[in-house]
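The structures considered in this document are given below.
Shared chain: chain A. Partners: chain B in the first complex, chain C in the second.
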Partner chain A sequence: MISVYLPGASWIHRIPVRLKLLTLAVISMAILPVHDPAVLGAVLAGVLVLYATLGPEGLKQVTLLKPLVSLLLIIFLLHGIGGSWMEGLVAVLRLVAMVLLANLVSVTTRMDDMLEAVMSLFYPLKVFGVSPKKPALAVTLVIRFAPVLLSVYSSLAEAYRARTGKRGSWRLIAPFALQALRLSENVAEALTARGGAEGLAVETTANTAERRRMLKRNL
Partner chain B sequence: MFGVNKRATGTGRPKGLKGDMAFWTPHRMRRDEEQRFDPALADFAVFEGAGLTLGGREVLKDISLSLSERRIGIVGLNGSGKSSLVRLLNGLHLPGCGSVRIFGAETAAVRAQLPRHVGFVFQNPDHQAIFPTVEEEIAFGLTQLGADKQAAREGAADFLKRHHCQPLAKKPFAELSEGQKQLICILAVLVMQPELLVLDEPMASLDGLAARRIQQKLKSLDQKIVLISHDLQVFDGFDRVIWLEDGRVRMDGVPGDVLPAYVTDLDRRAGAATDEVDL
Partner chain C sequence: MTDRSLVQIAFYAALIAALGLLPKVAIPFMGGVPITAQTLGVMLAGVMLGPVRGALAVLLFLFLVALGAPLLAGGRGGLGVFASPSVGFLIGWPIGAFVTGLIMQQTRTLSVLPAAALAALIGGVGVVYLFGIPGVAIMADLPLVKAAIGSAAYIPGDLIKVAITAVVAETVARGLPRALISRG
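Moving on to the complex of A and B:
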């Protein structure tokens, strides 16, 4: 469900990332105690209007809900069978509104802005000697590699279907986990090869001044 | 698996160190004073009896090499130690015995700083890109060097323009073709201005056209290059080729000597294989 950044200069793009994240948190918490489907429907309609203001490309992002349809259906059925259908409708409306709103933030925010904003949340960790850049980068990697992991799962499911004629099953969980672990190792190695999470800004050798001059010249 | 860095440990404290300087250990002094990169050195990489064991298997054995040529190719069968050898160049692996020096500095002592001097491009571009869009991916290299966000963005845009990749700047990395992905991975490394570029089978997943364009791009670069490939045509114009077999250097010389011998050996092995699973 996590979409990639949609380049643009819309009014939502121009909102500071911290304000976007704060608004997302406030709205998400505000609709949690709401049980009126009319109110939740209105919130959802409002979110869709926000997507519409991004243009056709923005509206296209809504179709990314498709992978969630089966999950939403299960939630609706569970509520309907165990409680009431109205509760199921409320739960689904609330979830869809929250997911779309969170997605709106991710499609209108550059990852480096997001990284900076998330990093500030982890500044208190400095007290314990933990660099805030590491957990912030981890958040970035989760967002970046969610589609890659989905693609890994699709490939496995395709291979399974080619040999069995059936759709993906629980048997794919183990190979998927193994491939995900291998992927994480490869990504960690690639990150290390580029200076690691901490970067290369601190250097103890005499080359520092020379490199800084080179960097300045390059920029 | 990590070897003791004998060169980085001195034999005694220098005379005359008093007061504030008293915390200096011989090890630290030699790191600061001797383990400096000198990109002007003719031999940019020197292996002295380097060995490496991974997962209980000896993947490199007693490698002694001096690399000075601008374009060096590495060939060998899968499992011959090619990837392990080039990973010693940028500190992804450290030698278990012997030593590896890059631009005069021992990798074990300067491991954290090696990515500044040795850029590394992997086989699969999807495993390398950290940011979702091209411009952010390039900018990441600059922030790694200490540039602030705005300077990195401007620097990335300028860098992409200079490399005629401006139209890709705002594109999501996932939507690029395989060739474009690999090109961006190479640029993401180049933006950090390494003196040496190491590429581990960068053309393995590319079609013929994309592979040739990447090859042309590599030819145009000023950096020294060490390249692993199974496609021997990419070594056209190279100065030297090293053939690895079972973790050792089987042959080392100009491509005109090494590549024909390597091909002959491949033909001989293919002809001699009697078992169908001998692949």
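Moving on to the complex of A and C:
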């Protein structure tokens, strides 16, 4: 659940990550100004064919669009009311095509590979005296922190339910904030005690292995 | 950047992620528009961490989403969200957190509760919509007014989050004052 990535070895999976990102950027820029519903429909059909080449599991990834449906409907209505329904259709077609195309890259690229591919963007950080490895460590920390925060909250909520018989309440916000902040202070101390971010993030491959291990543990 | 600030930035990025995993709450007035707790995390990052670290925490969170982590409310993630109509709001988040932190720093003479409410209102609501509404207009090809009407339904929920942000900031200022880094 921690990634939208769909494991596989399709031809799209095998394209180098940077080439995929570049292609995505170029196509997105190209279809943003398009207003012809026929062209946009063709683009959308093409994107769907690309999904279909991933197999039935791949085609199922189109459902990543589901949380967007109500928003698209509102946009269609806003266009239609006191405007033109055709423009609404064009806007919705374009959005669906662009979102699906961008998701196609995410669905076919492992998070680690994506991180490796964009790491070079962080090299300019050296100018400011920041190690370019720090973003990778920060990503690892977030992946580890998020489930811990949820478990801190759920243990507080459980205790509250045991005392009052009621579900969570805003009253839990204060103890949650304080407990979670203390926890983060402990992590900061532990990190410094182990040689700090520099000490931990020196070796990229070791770092990657660690991140993979954490990802697995959190699944 | 020290280890401490790195962990703090990661902590608030994770908080934004965790808040997105909480179920959406439909508010009874305003026709039951679903509100998510996610922007609460954006406001808190600015109020607690100050401008630079607050903005970095939000950027780190967005970076994870771009890498493919489905951490946006509703389980959305991947590059697709940056092609969706709400991309303007996502762009507004780090800038909003920055402004929130800046106001928090500049209002040291005020006590924490009103300062945090003011900062979250201007940075976390005002600035975010300043980017979000034009974003909807561009991505959905709508006139600004219609984009604003479409976005207005979420404002009551955001005002609730401003209030919660202020209460949390006040609580932390009393219980763990050193964690209120923007005032440190």
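Brief remarks follow.
The criterion applied here is as follows: the second predicted complex is superposed on the first by the 126 of 219 C-alpha atoms of A that agree within 3 Å, B and C clash if a C-alpha of one lies under 4 Å from a C-alpha of the other, contacts with A are read in each partner's own complex, and residues count from 1 in each chain.
The definition used in the following text is that contacts are C-beta pairs under 8 Å (C-beta built on N, C-alpha and C of every residue); 3 or more make two chains touch, one makes a residue touch a chain.
Not measured: the values here are computed from a predicted model.
By the touch criterion stated above, A:64 is placed in contact with chain C alone, chain B being left untouched. Set side by side, chain B and chain C differ in how many residues of chain A they touch, and the one touching more is C. Legend: residue contacts after superposition of the two complexes on their common chain; A:170 is shown touching chain C, with no touch to chain B. By the touch criterion stated above, A:141 is placed in contact with chain B and with chain C alike.
By the touch criterion stated above, A:116 is placed in contact with chain B alone, chain C being left untouched.
By the touch criterion stated above, A:192 is placed in contact with chain B and with chain C alike. When both complexes are overlaid on chain A, the residue A:157 reaches neither chain B nor chain C. Of the two partner chains placed by superposition, only chain B is touched by A:7; chain C is not. The interface of chain A with chain B overlaps its interface with chain C at residues 4-5, 110-111, 137, 141, 143-144, 148, 187, 191-192, 196. Those residues of chain C that touch chain A in the complex are listed here as 1, 3-4, 6-11, 13-15, 17-18, 21, 60-61, 63-64, 66-71, 74-86, 136, 139-142, 146-147, 149-150, 164, 167-168, 171-172, 175-176, 179.
Looking at the complex, you find that chain B touches chain A at residues 31-32, 35-37, 90, 92, 110, 112-113, 115-116, 119-120, 122, 124, 126-133, 136, 139-147, 149, 151-155, 158-159, 170, 172, 174-175, 188-189, 191-193.
Residues of chain A that touch chain C in their complex: 1-5, 24, 28, 64-65, 67-68, 71-72, 74-75, 78-79, 83, 87, 90-91, 94-95, 98-103, 105-107, 109-111, 114-115, 118, 130, 134-135, 137-139, 141-146, 148-150, 153, 170, 173-174, 177-178, 180-182, 184-185, 187-188, 191-192, 196-197. Residues 4-5, 7, 110-113, 116, 137, 140-141, 143-144, 147-148, 183, 186-187, 189-196, 199-201, 203-207, 211-212, 214-215, 218-219 of chain A are the ones touching chain B in the complex.
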